[in-house]
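Chain IDs A, B and C follow the sequence of writing; residue 1 opens each chain.
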Amino acid sequence: MSSASSAVELAGIARRFGSRWVLKGADLVVGSGEAVAILGRNGSGKTTLLRIVATLLRPSRGSGVVFGHDLAREPDAVRSRIGLLGHTNAIYPDLTAAENLGFTLRMLGRSVDPRAVEATLITVGLGAHANTRARGFSAGMQRRLALARLRALEPQLLLLDEPYSSLDPEGVELVTALIADTRRAGGAAILITHDVSRATSIADRVVMLDDGRIAPWTPGVLVAE
Amino acid sequence: MTARLALSRVMAVAWKDLTTERRSKAGFNGVVFMAAITLLMFGFALGPDPAPIRTAAAGLLWLTVLLSGVLAFNRSYELEIEAGALDALLLYPGGRWPIFAGKLLANLAFVLLVEAITVPIAGVLYDLPLLTPLPGLVGVLFLGTVGFVTLGTYYAAMASRVRAREVLLPLLLFPMLVPLLVAAVGATKAVLAGDPMGYGSAWIRLLAAFDIVFLAATFMTFDYVIGE
Amino acid sequence: MTHTMEPRVSTATAPRAKGSATLIGALIVLALVAAAQAFGFLTSPPDRDMGHLQKIMYVHVPAAWNAFLAFVVVLAGSVMYLWKREEKWDLLAASAAEVAAVLTALTIALGSIWGRPTWGVWWTWDPRLTSTAILLVIIVGYLALRSFVDEPERRARWSAVVGILGALNVPIVYMSVRWWRTLHQPQSSPSTVDPAYAWGLRLNAIAFLLVMIWLVRARYRAARLERISELAAEREALGGRG
């Protein structure tokens, strides 16, 4: 079922928590170079689906492939290709911005070049705050630092869960640029948002998660958050 | 995973945990205070006659270490959960044992530092001769602490992620630590009595065996504990 | 992942037929225990020192042996679960742990009742009594962990490693406590016991083994039926797609 041109292929993904079924058989194919936005109500299972693609949750049923690698059988191959931006920023508040990035680089086994770290921080507008502890950052600044961390991971597949939350217009542009850079390199992006206008302007394709399944989204259908 | 990458991860996690601890200090001060108050309360429970206190001193010292040290382990993971960073840690490809090793090293440094303050306090309060048997005492404290921190760091990976974590951790941990407590107290008693190479050596061997068995078992099974 | 679909039992007819089989099994086990106890009581002369108090041994010792055996089943189920990732092994380990808890508690209670007139105290820091008590709290920790984790797959994985580490600790506990203090008479086994008691002990050990197996089976079946009802609810929720 896997073809070289697709970034993600999900087939019949179902997941339950206790006795409640959040996903009931979601199918989705994302091509290389494609950006897909998923709309859905609160509790429709968007985050669950993203966490399954990120190998953080196992599906109760169904299977999935990321760049030809099976989620269940080759999780490490999947993990080395994805970059997840979740609800939380994965930022340690008692470390400085530069130390946070340095930690990520050391976890990847890369050497920490202070000038490269500073350059990455400058791209997200935190150049002046490299040596400030993240605890003092505003929510928007922490989100920007999370975007810098995502850049450091150099992912082929971006998994973005409400990436615009707490970002100002300039910060929103940073997300757009990150998606564009990833796609240029042959990567793909899955984007979860409740913002219909941003979804349609950034993504090639917009789908809906409804009653635990993926459905095509028709313009005009209001997705209430 | 290459050895270089594994080492880089171990050191990164240990450095990150210790730096956070050093900058916030709340955890360390709290644990040291808890240890000091425990030593005092044991004194009030057994005193004022100094004889029973001195007889029980080795046991009291180790109970103090266990009761205060146990407060440190859940923090190690709460730090990740509060920052929303546990997912990010799990998404680095490769085995998860370097995460465990890093946290274990950080917790080991933490508890050894608590002991460096607590043991002299116990020496003063319980009138223990600490200087003469110091090398043996340091060795026994180190061996006992390695086993304690290994199992504490391991079980906290589960306990810190369920409701009632404060209850579950000691419930899982303390029954497992009975042989360690028995051996550590036996060895400490022997060392304090000035007989480090005599009957204390059997207890020291048991402590070393305990450490080796559970270091191996926890490293081999940590992947099962930390995932999903 | 597929193991969640595994327990496929014909749910319509199974419970009633199994119910009567269970009842017959229970009666047979009960009769065996009664016979073995009667045999032990009738054939053994009053002990020189302990008198008829000795007869507590016919429950105490078999319960202790089988408690350890149940713990071995916990270990085996845990290892098999991590290896095969099949839910049935987790359910087996959990059932055995419950039975081990009951038998360990029974062993301690009877040891205590026996100790009061023999040693003059309800509790003594004897190596075997003490290590049995530690075993009990290790099992209680295992069962507590199970009750705190809702997600079945995570619960199975976590309790498997806790079960394995607990079992690894059993010999270490025993050795440490034995070095710590030895004040008990040598362990009871048919070879160290007067021949007049040996057959009674052997028979009761077998009878208790059957009790243990029957209890583990009953708990296992109950756990499995719970999973089947969960899976039925699952199929309904998925609208027949399951």
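By definition in this document, a residue touches a chain if its C-beta (ideal position, glycine included) is under 8 Å from a C-beta of that chain, and two chains touch if they have at least 3 such contacts.
None of the values given here were measured: they were computed from a predicted structure.
The central chain of the assembly on a C-alpha centroid basis is B.
Taking the CA centroid of subunit C as reference, the farthest chain centroid is that of A.
Mean C-alpha positions place subunit A and subunit B at a centre distance of 38 Å. Per-chain Cα centroids separate subunit A from subunit C by 48 Å. Centroids of subunit B and subunit C (each the mean of its C-alpha atoms) stand 32 Å apart.
Within subunit A, residues 58 each touch two or more of the remaining chains. Shown for subunit C are the residues that touch two or more other chains, namely 153. In subunit B, the positions touching at least two other chains are 228.
If you check the complex, the residues on subunit B that touch subunit A are 2, 4-5, 8-9, 11-13, 16, 19-20, 23-24, 79, 83-85, 87-94, 228.
Put simply, subunit C touches subunit B in their complex at residues 82, 134, 137-138, 140-141, 144-145, 148-149, 153-154, 157-158, 160-162, 164-166, 168-169, 172-173, 175-177, 179-180. On the side of subunit B, the complex with subunit C involves touching residues 151, 154-155, 158, 162-164, 168, 171-172, 174-176, 178-179, 182-183, 186, 202-203, 206, 209-210, 213-214, 217-218, 221, 224-225, 227-228.
Here subunit C touches subunit A in the complex through residues 1, 4, 150-151, 153, 230, 233-234, 237-239, 241-242, going by the rule given at the top. Residues 12, 14, 16-21, 24-25, 58-61, 72 of subunit A touch subunit C in their complex.
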